[in-house]
Amino acid sequence: MVLFAALALLGAVFNSYLISLLTIVFLFAFIGQSWSLMLGLGGQLSIGHALFVGIGAYSVAVLDIKYGLSPWLGLLVGSAIAGAVGAALAWLSFRFEVRGIYFGLLTIAAAEFARVMFSGWEFVGGMQGLFFPAQSGESSLLMLRGGARFYYFVALGAVAIGVGVTALIRKSFLGYVWRAMRDDEDASRALGVRTFLHKVLVVSISGAWAAVGGGLLALVQGSIFPDSIMGMGISIDVLIGPIVGGLGTAFGPLIGALIIIPLDHLMSAFSDSIGIPGLNNVAYGIVLIAVVWFLPDGVWPALIGRFRSQKRLPSIRSQIVQTQEVRQ
Amino acid sequence: MGDTFNKDLTRRTVLGGGVGLAAGLMPWHARAASRTVKVGSIMPSSGVLAFPGQACVRGINVGARFAKERFGVEMEIVHADTQSKPENGRIAADNLIRQGCTVLIGAWDSGATISALQAAEAAKVPMVVHIASATQVTSQGFTQVFRFYPTSLTIVRQSLLELKSILSSVDNPPKTAAVLHLNNTMGQSTAASIDQAWKEVDVPLKIAEYVPYDEKARDLSVEVAKAKASGADALVSVTRVNDAIMITRECIKQGWNPKLIFSPNSNGVQDKAYYNALGKYGDGAILSTVWYNPKAPDTAAIIKSFEASYPNEWLDANSGCAFEAVQIVADAVVRANSSVSADIHAALKKTDMDPILMYCGKIKFDGSGQNINSAVTMLQGQGGSPKVISPRAIADASLQYPLKPFEAR
Amino acid sequence: MTALLELSHVSKRFGGLLAVDDVSFSLKERSITALVGPNGAGKTTCFNMIAGAFRPTAGTIRFEGGMISGQRAEAICRLGIGRTFQIVRPMRDMTVLENAMVGAFSWTRKVPEARETALEMLETVGLASKAHASIGQLTLPDRKMLETAKALSTRPRLLLLDEVMAGLRPTEAASVVRVLRRLVERGLTILLVEHVMRIVMEAAENVVVLHHGAKIAEGMPEYIVKHPEVLAGYLGDGFRG
Amino acid sequence: MAREPVLAVEGLNVSYAGSAALNGVSLVVQAEELICVIGANGAGKTSLIRSIAGIVGPASGRIVWRGKDIVGMSPWEICELGIAQVPEGREVFANLSVEDNLVIGGSLKRARGRRDANLQRVYELFPRLDERRRQSAGTLSGGEQQMVAIGRAMMSEPEMIMFDEPSIGLSPALTTVMFDVVKRLHDDKITILLVEQNVASSLSIGNRGYVLENGSVVLEGSGQDLLSNEDVRRAYLGL
Amino acid sequence: MALLWANVVISGVLIGLVYGLIALGLTIIFGVIRVVNFAHGAMVVFGLYVGYCTGLWWGMPTILAALLAGVLMFGVGYCLESAVVTRFVTRPHHVQFILFIGISLLFTGIQLIWFGPDPRPSVSQLSFETISLRGIRIDLARLQAACATTVLILALAAFLKYSLFGRYIRAAADNRLGGLIVGIPIPKIYAITFGIGTACAGFAGALISPLFDAQPYLAVDFTLLAFVTVIVGGLGSFVGALIGGLTIGVTEAVAALLFAPSMKTALSYALLIVVLILRPKGFFGAKEV
C-alpha cells in the first residue's frame, strides 16, 4: 500500500522520461502477474503469453480504430476472447495429457501460429499494423485517452489491482487448491481437487488477464504490429520479470519488472553512449544468468526472507539426484 | 570486422542513463536557448533492426559534422536505442527530451516512430522522421512530425512511372512479371501499393502472379520456382538485402534468367552485402529507392567524409536519409536562430531548402508534415556497385538491358 | 451391517505383470480392515484401484452400492473416500495447516470453514501444535500423520491408509491405533495397508492377506498369524519354527 | 572367520529434506563375509546402500573402505574401488539391449580389459540372458531384469556387491533362485551386503546380520542367532 | 508441372535433412540432460559465422569449415555445460528457460559486437552451383549439406551405438540413477552430450552458410525452427529429429507451392499443434536416444 501511495504521489512529480518508462514497467508487471499466476500458482508453464497479449491488443485496436468503440469494451471483449482461447488451448492440451514443458512448447506454437495468421489478415492491417490517432491532449477515462501521466496512473492502477487480485486469489480457496495442484497433481486429485477443471480455469484466467495488459499496451504504444505485439520477444519479456522478482508472489512480478526493465534501459543507454551496440545484450544476458544462479526463488522472496522452494515436489529419485548435485 | 569499434566518438554525449534516472526525480523544465542545439537521435541500433539502425546512426554522425561546416550549427547529438521494440520509442524520446534535446530525429520503423511521436507531441518537441514509410505516421494528426521520407504509395507510384519509361525505351520489353515480395511491414505495404498504382500508372507489363514470402523464410527455393513456373519474363521483387541475395542465388541455381529484375522500394542492389555475396551476379538488377544525388555539389565530399569515418561501410539510403534529416534540422535551427523547440518547429514548418545530399525536389512539408517533393531514383548494379540510371538529370550510367543471363557471366 | 466397499474379482495387469489377480473382499461399515502382504504383493495396486488412480483391468468396485471402478481420483474422493500415499506427498510450498485445508476444499469454498476443519483434523492426529510449521520441519511420522489429516479433511466415510504406521515406534503406533479407533467410533470405516503385522494385530478386526497379487487368506488377526500359507509367504519357507 | 574389515560404517546420519533417514548407523563388513541387513519399509536400508555407493551424501559419519574414508567421493570413483550394487527396483537401462547393459557395467577401468571374459561368465551364470542379449532390457520379465542387474554388477569384478531387496516382487521359485545366486557369488569370495525383508531366506545364508529400525541398528548378531531371536519374530509377525 | 513438384520436394528433403541435424543437437541434449536448450539457435548462428569467416579469410571449403565449426562448438558446449548448465540440471524448466535466454542474449550480443548487424554472406562459389539431372536441378550447397548431414548422423548413430561413451550417453539418458549405480561419470557424460548437441548446431550452421547470410538476430528463428522440428518428431528421439526435419522441410516446400508461401511457417506451426495434441511426445517416444 505504502509503495503504491508513494508511486502515485511520485507520479505527479516524475519527469516524462520516468513516467513513460514506469508506464511500460507497470504494464509488463501487470502482464507478468498473469503469467506468474499461471505458473506460480497453477503450475502451468506458458512460453507463448504473447498470444493473449496480442489478442487483447488487437481487440482494443480493432474496436477503437475501426468502430470508434471505447477501449473499455475492447478490453472486455479482448479478455473474453483470450480467456476462451486459453480455455480451449488448455482443454485440448490437458485432455490429451500434454503437460509440463510440452504444454509450454504448445503455447509457443499457438502464439507463433496466431502471429503468422494475423500478419496475413488484411482486416486487422496485416503486417502494416493498426494505428491509433494522435492523442488530443484531453484525458478521458471513458475513452481511455490521455497523456503520458494519464497512462501512468492507469498502468499503476492496473498493477495495483493485479497485486490485490493475486493476494486475494492466494488467500481464497482457489489459491490453496492451485498451489496444491502445482506441487503434486496426483496427490491433490486424491484430495478431491478437480485438477482438470482448475488447470483450464487458471490458463483461462491468466489469458484474460494478459489480454487486458495487451490492450493497455496497444493504447500506450499507439500502434500495433503482429511481430511486435505477438512475437516471441513479448513472451520472453513477460516472463523475465516474475522469475526475477519471485514467482507466484503478489509483489514479485512488479519488483522484477521494476528491476529488470530500467536496468535494460540503463545498459542500453550506456552501450549506446560508448558506441558499442550489443554490449547491452551481453550485459542483460549475464544479469539474467546471474539472477537465476544466485537468486533461485527471485528477488522478492529473498528480500522478505521467506525462502520457499518453488519446485514441484521431487520424487525420491530426484531428491537423491539433488543431494548428489549439492555434493558435487 | 570491427566496424562497430570504429565509431565517431567525438560527437557523442557520453551520458549514461544512470545520470538520467537520478535526474529523473526532478521535474524537467524547458531549457533556455543556447548557442548549441541538442539533437536526439532515436534508432534501433540493437535488436532485429540493428542493421538499418546502425546505418542511420552513421548518417547522423557524419551529418552533424557536415552541418557544423555548412550551417555553422554546433550540434550535440544524443543517441538513444529502441532495441527494435516499439514501446521503447516513447521512452527513448522522453529520455532525450529530458536530457535537453529540443529536436528529434528517428526512428526508422513506423511502430517506434508513432510511439516516439506521442512523447514529442506531449512535450511539443518537433521530430524529423528520416525514414518510416507507413502512411499513418503523418495522417494520425500529430503536429510535431516532419517526414522526409515518402509514403510507400508515393515511392511505388514514382517507381512505376520510371519503370514505364524504361520499358518504353527498350527493344523487346518483357511481357509478364511475377511479383515476389517480402511479407513484412514494408513488403506488404509496398505490394499493396504496387497493386494499386500498377493500373493507375498503366505499366505495360502483365502481372502473372503475386508470391508473398515470410520475413522469417529460411529458404526461398520454392518461391522462386513458383515465380519461374508462372512463365513470367520479368521479376518484380520487394526485398531486404538477405532475401534479395537469396532470390538471386535461386534464380541462378534454377536457371531462371528473367529479362528484367526490378525491386521497387527495396534493399539489395543498393547494399554492399549484396555485391559481397553475389559478385558478378549482382549486376543488372534494377532497384528504386530514395537515394543520394551523385551529381550534387557536396556529394563527393560527403562520401569521402563518410568513408573516412567508416571505411568498411557504404553510404546507403539509410545513412543518406539520416544525413539529410540532420541538414533539415540544421537549416531550421539557422533560420530560427534559436535552439528552442517551438522556434525550430516554426522554422521547420517553413522549410524550403534544396536537398544537400539526397535526390529530390525542394524539401517542403505540407500541413500534415509530409515532405511533398520527395523523389525516387533508379539504381542498377553495374560493375559491382549501384549506379544511378534514372532520372536522366542525375544519371551516372545508362541502362543495361536485357539482363545478361547468369550462366553467361 | 451392509458392506460399505466391495471388490469383486478385481484384477490389474501392467504389461506382462499381473499385479492383482482376481481379488474379492468387502469392508463392513465402521470397521478397520487391514490389507497385508509382503512387498510387491499388490496391496498398493489394489489400493490405487479403489482410490481411482488406476482403472482395474477386470472386476468391479462398489462403494455404498454404486460402481466406482474407473472413475477419476477426484470424483472418488468427492464420493467420500479419502486416501493417503505410502510415499508421503505433502505440498512443499504450503504449511502443515494449508496442506490439510486442501482436503476440506473438496466440500467447501469457504476458507475459514476449511481452516477450522483442517485444525480439527490436525488436532485429531496430534499435529495441532505444528499447524504453522513448514513441511521441512516435520519428521517422517509427522508427515504420515499429516497425510492422514489431509485425507480426513475431505470428510470421508471410508479412509484408505497406506502404511501410515510404518517406521513408527511401538508407543507411537499404539497412539495412532487409538486415533483410528476413535475415528471408527465416530462412524468412519478404515482400510489399512500394512506391511508390519505387529500393527495390524493391534488395530484391525479383519485382515486380508495378498501374496503375488492373489488373496491367500482373510479373517481375524489371530487366525491369520497362524495360517501356514501366510507364514510361508510372508517370512520365507524357513521361518516355520 | 576373523579377517580385517573391508568396510566400516561409523555413525552415519543421512536425511532427506530435513527428515532423518539414517540415525547414527554403524556396521562392519569383513572380507568375504555375507552380511544381511534386515528391516521394514522405511527403515533406511536403501539410504544405507546409497550412502555407501556415494549416491546420497550423508550429513555426518564415516564410511571407511579398506582404511580410506570414501565419504565425499563420487559414485563412479567408488565403483572403481570395487563396490558394486544391485539396486532396489533393478534400475536397468530399459531401452538398451541386455548386452549393452552388461557391457556398460563392465566398462569401469578396473575390469575393462577383461570385459569379454566377464561377459561370458555372466552368460554362463544366466543362460537366459545369453538367449536375450539383443533384446532391450525393458521388455524382460522382473526376474530376468534382476539377472541383468546382477550380471551388470558382476561385470565390474567387484570386491563387494550390495544387494537391495533382490527378492522383491519375485515369485517364490525365483526368489529361491536369487538367493542361490547370491550364495554362489559369496562362495566365489565376493563380499556381500544383502539388504532384505525376506528375513528367513536371507538370515539363513548370511554370516552375520543387522536389524535396522527407524534408521538405527537395533540388533546385530550371527544369522542363526537373529533367526531364532524372539524380537525379530515379534517385529515381523507380532507374535 | 511434375518437374516443378519433383524439384520442390527434393529441395524440401535436402533442406529437411539439415533441419534434422539442427534438431538432432537439441534432442540429444534434451534426451540425456533433460534441459531444453533455448540457446540452440545462437549456436547455429555461430556456425554460420564460422562458415563465413573461414571462407573469407582462408577460402576454406564449406565442408572443412563445418568440421571446424563442429569441433569449435563442441568445445563451447562442453565448457558451457560443465561451467554453467550443470548447476541447472535439476532446476525447474522455467528457470532453465531464463538461463538459456540469458545465454542466447549473451551470444547474440557478442556476435553483434564482433560482426555488427550486417548480413554476412558467404563468399563461397558453392552458393551458386547446381547439378542438373533430367530437368531436375539440384542445388549443390544443399546436396552437400544433406550428404554431410547424413554422414554425420550415421557417424553419430554408430558412435552412440558402439562406442563406450555412446553407450554411456544412452545409458545416462535412459536411467540416470542406474548410470550412477554402475559408475558412469555423469557430469562428464553430460558435458560431452551438450558438446555433441552444440557441435551438431555449429556443423549444420557452417554447412548452410552458403545458403543463409550470417546475422546475429537469426538465433531466435533457428531456435524456433529446431523446436518445431524436434516436437514434431518427438523431443528426445534420434530418429524423430530426422523425421521431423524431413517433415518440416517437405511440408514447408509443398505448402509454399500449394498456398501462399508467406503462410508456410503457419502451416508448420499448425502441424506442430496437431502433433502435440494427438501425440504429445511426437511421432517417436521421448526416451529413446
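A few points about this structure:
Think of it as A, B, C, D and E in the order they're written, each chain with its own count starting at 1.
The definition used in the following text is that contacts are C-beta pairs under 8 Å (C-beta built on N, C-alpha and C of every residue); 3 or more make two chains touch, one makes a residue touch a chain.
Computed from a predicted model, the values in this text were never measured in an experiment.
Between chain B and chain E, the least number of touching-chain steps is 1.
Should one ask which of C-D and A-E has more C-beta pairs in contact, the pair is A-E.
One finds 75 Å separating the Cα centroids of chain B and chain C. In this assembly, the C-alpha centroid of chain A lies 42 Å from the C-alpha centroid of chain C.
Annotation: 35 Å between the Cα-based centres of chain A and chain B. Multi-chain contact residues of chain D, defined as those touching 2 or more other chains: 17, 55, 74-75.
Along chain B, residues 4, 46, 50, 53-54, 183, 214 each make contact with two or more other chains. Each of residues 92 in chain C touches at least two other chains. Interface residues of chain A, counted against chain E in their complex, comprise 39, 45, 47, 92-93, 96-102, 104-106, 108-110, 112-113, 116-117, 119-120, 232, 236, 239-240, 243-244, 247, 276-289, 291-293, 296, 310-312, 314, 317-318, 320-322, 324-325, 328. Residues 53, 55, 74-76, 78-80, 84-85, 87, 91-96, 100-101, 103-105, 107-108, 152-153, 156 of chain D are the ones touching chain E in the complex. Residues of chain C touching chain D in their complex: 16-17, 38-40, 86, 92, 135-140, 143, 163, 166-167, 169, 195-202, 212, 225, 231, 233-239, 241. Residues 1, 4, 7-8, 11-12, 15, 112-123, 127-130, 132, 137, 139, 211-213, 215-217, 221, 225, 252-253, 256-257, 260-265 of chain E are the ones that touch chain B when the two sit in their complex.
Across the complex, chain A is touched by residues 51, 53, 72-74, 77-78, 82-83, 85, 87, 89-94, 98-99, 101-103, 105-111, 114, 134, 150-151, 153-154 of chain C.
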